[in-house]
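Both of the next two complexes hold chain A, though its partner changes from chain B to chain C.
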Partner chain A sequence: MSLLSVRGLSVSFPVRGGLWGRVRQRVHAVQDVSFDLQAGETLSLVGESGCGKSTTGRAILRLLEPDAGSILLDGAEVRTMEGEALRSFRRQVQIVFQDPSAALNPRRTAFQAVAEGLIVHGLVSRASVRDRVREIFDLVGLSDEHLDRFPHAFSGGQRQRIGIARALALEPRVLVLDEPVSALDVSVQAQVLNLLEDIQARTGMAYLFIAHDMGVVRHVAHRLAVMYLGRIVEEGPAEEVCASPRHPYTRMLVASVPSLGERSTAGTVVRGELPSPLTPPSGCAFHPRCPHAQDRCRRERPQGEVVSGRFQACWYL
Partner chain B sequence: MIPMLLGVSIIAFGLLSLSPGDPLAAQRGNPQVPDELIRRIERQYGFDKPVPEQYLRWLGRVVQGDLGYSFKFKRPVADVIAERMAATLLLALFSTLLTWFLAVPLGVWSALRRSEWPDQVVSVLAFVGMSLPSFFLALLLLYGASVLPELPLIGRIPIGGLVSPGFDQLGPVARVLDVLKHLLLPGVVLAIGGLAGLQRVARGSTLETLSQPYILAARARGLSDRRVLWGHAFRNAANPLITLLGFEFSALLSGAAFTEIITSWPGMGLVALEAVRSKDMFLVMATVLMGSLLLLIGNLLADILHAWNDPRVKLS
Partner chain C sequence: MTAPLLEVRDLSVSFGAVQVVDGLSYVIERGQSLGLVGESGCGKSVSSLALLGLLPPRGCRVEGSIRLEGRELVGLPAPQWMPIRGGRIAMVFQDPMTALNPLLTVERHLREVLAIHQGLEGELARKEATRWLDRVGIPDPAARLSTYPHELSGGMRQRVLIAMALAGKPDLLVADEPTTALDVTIQAQILDLLSDLRRELGMSMLFITHDLGVVERVADRVAVLYAGRKVEEGEVSEVLRAPLHPYTDGLVGSVPGFRPRSGRLRSIPGQVPSPAAWPGGCRFHPRCPHSQEDCTRIVPTESSGSRKVACHHALEAQR
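On to the complex of A and B.
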């Protein structure tokens, strides 16, 4: 049984308009998304901004209410959890946000940010909170002198370390990383990625790594799920997908990563804009940007199939 | 602060000097006041000198703590102001407290129930409150209070003034109650005017704060809704409210004039109107100075509250 298993997850948002703010229609941000996550594994959700990857992460954490689907942690349905079960779930599944400046309350010190979760979940006695926070700070590469500072006194990389420390304090089994390095300087990105790798090696935590940068993803992910306009279009082992991408969209993403000594091959560069999810294209949502699109792609949406261990949703593979 | 007060006083003094009228008109028209006396008063206060010199003389006296003499009230300006200021401060304090204790919880509630019926009802009421001119609301409430039968406990709601006739004969507790009863009507009028705006700001600020990632992060850590709202969101959402408080408090002191006039509340607004109408030079100048001073004090108050609300600032 998988640690975390997502089946047929769909999330939509109401679009309000007019004088009375009535719901005019719904944007389908995530549609029929399924995947499994094992302990000690990193699954990466990749795609352009607006493809629904962050929404997926938030729905799994129950920060958003999904329309349909099921989320199972150790086989237990998360969507119906209440009270003590929900509290326990919140301890086991944690999140690190993209913008570390916005994710920290400006009026709480670093110590308070990390300590609050420990106290609320009763993980340590009141007397030993400070010692425990010191240990966690040590784990993420922060020192004692940082404890009583407010977020504005830290650099971006340090703030993200506090964000990671805050999540680790609860000793979660699943960590959702919502673009954890894309707001950081490139030099700092590598440090934070290494830190995350160390922590996973030490604790066996499972990561759901949400990202848009294939260059980052190919270094950290064990498996890869590529999302386009709310759906997964390709999924498989990260190395295989990067080495031989199948779906035309994955091929574009892989080709868009700049590399030394190679010229980007004409025709495979990402072209066009992501269509509005308010008016998704008919058939295969990718067809307006796909170099291989044919009549069938405009009419019917490919359901997707598993071919030699990899999921793919395209008519012409 | 000092340059601003100087600027305000120069403009006010200049405008007053340009305006038609004569502070001593009443005395001149009185056949029992000899011309000799009027000329002596003119010399004493420098009304026969050019305007810039008049201003400098006035400024010199003010710096020494002498606000001058009110020809209208026939008393020193300082006495008139002190008495009226107390009444206005009392009214401002009462209506500010009333506004805050109603508007902030309503704003937060509205934000939590966004787009549901409680939010919509409160929003409609807020817009009605904002659109109602205070003088009209005051008249409505005055009428209401006058046709209301005697209520248990309170009796009749007074429709004007600061105290009832026979105030001097009352005991200390009864005196406080008497003033509070008189405060009710002007206080409610002012509170409704400020309530609507503050409720909107409280709602908007709470909504904005609740959508911040650190609020999501707090929820993701399994904190209770109450802890998220009061422990994380509220203090951050209160910032714009505190800034507003500084302005509102001073605006109430000077801008309560309409309400004061209609409910005959003997405060600064009423006295300022009377002073301008009789061109009571020194009294007008004193009310103008008071208004500017209070704006500055209101902002200082807001700054102190900001510091108190923000653990990052240490007052030493």
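On to the complex of A and C.
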């Protein structure tokens, strides 16, 4: 049994308009997304803006209400959890947000930010909270002197460490990382990625790593799922997918990364732009940008199949 | 010997008591592309604003020399900037939304440039504007003339901005992180477009970025900046393959996926220092794995030749 299992997840948002703000239509941000995450594993959801990767992460944490699908933690349905079960779920699944400045309350110290979860979940006695926070700070490379400082006194990289410390404090089993390094300078980015790697090696925590940067993804992920307009188009072992991408969109994505895709995707033409999710193309959503698109791609959406250990949703592979 | 297209010598920029660029020198020859690389706060954007005389006259002091074909630009009075800015040196900014006027159509944006720098009006200007939109890969250019910035995607806005910059037929294009705000597949398209146009028009380019992968794609030479100073300069392939300065080396090792997966990333310890608290001696010494006693006291001077490095203990000897 997988630690976290997502089946047929769909999330849509209302689009309101007119004088009374009536719901005019719905934009389908995530459609029929399924994947499994094992303990000690990093699965990366990768794609460009608007592909639904962050929405998927938020739906898993029950920060958004999905339209359909099921989210299972140790085989237990998360969507119907209440009371004590829900509290326990919230402790076991934590999130680190992209922008560490926006994710921290400017009027609460670093200590308060990290201690709150410990106190709410009753994990330590009030008397020992400070010692526990100290330990966690040590783990993420912050020192005692940082405890009583406010967020504005920290650099971006340090703020992200506080965000990670806050999530780790509850000793979660699944950590959703939503673009945790994209707001950081390159040299600091490497520090945070190394830190995350160390923590995983020590605790066996599972990471759902949401990112747009194929370079970062290739480095951190064991497996990766490529999303395009709300659906997974390819999934498999990270190194394999990066080294020999199959789906035309993955090929385009790899070819786009300077210095990454030189060999495997030579000659791949990067063209077109993301269509509006309000008016998604018929059939395969990628067909207007796809160099191999044929009639069938315009008419029917490929359901996807698993071929030699890799999921791929394309008619012509 | 004719003067190089652009020669920057000992350029320093300070805001009040805080110096943000310290003695920066570089040369851009005709048709050449130079990448200016560094992390936030290294002075890469400020130094390039100086090239266009875009720094505020009050509270900001620019020292040193910037010569365009031998003509000094530092201290040039405002009216004389007009034909240079946009006509000789043009700029493409990072955020295409804030760089365009939301109240003006694409046509008005382009016609302003064409009127000032090419003296084109009326139907002729309209034709030329359409031609430039077509040139930067905007589909159905004639119809796009009447659209407003908000009707365009980020990638299309950046294309309009590039068309505006090129419409003045500049000799030097300054591109300040032009693809940072864009999705990766769009970034790849814009980088290819800039490289193609540069080759076709024989233009020079100063490309400012924090992304080493991007530099490799668009630049011939690269200058690496750290804390307001240049630490290394040379041909892109040489600098990235065999960095001489420990900072460049750390930067190259920090980028995931830049080299094939090889265990841990070689991160650089510590933080990028703020301009108000730059360390003495070599400014990189508190974060440098090879730092020795002299690094804390003496500012390293730059080596001469086409491959330059400013370090007391450059990595060359250790290879």
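To be clear about the criterion, the second predicted complex is superposed on the first by the 308 of 317 C-alpha atoms of A that agree within 3 Å, B and C clash if a C-alpha of one lies under 4 Å from a C-alpha of the other, contacts with A are read in each partner's own complex, and residues count from 1 in each chain.
Going forward, a contact is a pair of C-beta atoms (placed from the backbone, for glycine too) under 8 Å apart; a residue touches a chain by one contact, two chains touch by 3 or more.
Just so we're clear, the structure is a prediction, and the values are computed from it rather than from any experiment.
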After lining both complexes up on chain A, report clash or fit for chain B versus chain C.
fit
Rounded to the nearest 10, the angle in degrees at the CA centre of chain A toward chain B and chain C equals 80
Partner chain in contact with A:185 - chain B first, chain C second, else both or neither
second
Touching A:197, do we find chain B (first), chain C (second), both, or neither?
second
After lining up the shared chain so the two structures overlap, which partner does A:157 touch, if you call chain B first and chain C second: first, second, both or neither?
second
Which of the two partners, first being chain B and second being chain C, lies in contact with A:253: first, second, both, or neither?
second
Tell me which partner A:274 touches in the superposition: chain B (first), chain C (second), both or neither.
second
I want to verify one number: the closest Cα approach of chain B to chain C after the superposition, in Å.
21
In their shared complex, at which residues does chain A touch chain B?
16, 21, 58, 61, 63, 86-87, 90-91, 94-95, 97-99, 102-109, 116-117, 120-121, 150, 152, 163, 166, 170
Listed in rising order, chain C residues that touch chain A in their complex are 39-40, 153, 155-156, 183-189, 191-192, 210-214, 216-217, 250-251, 253-258, 261, 264-269, 271-272
In the complex, the residues of chain B that touch chain A are 115, 212-214, 216-223, 227, 232, 235-236, 310-312
Of chain A, residues touching chain C in the complex
48-49, 155, 157-158, 185-191, 193-194, 197, 212-220, 239, 242, 252-253, 255-260, 270-271, 273-274
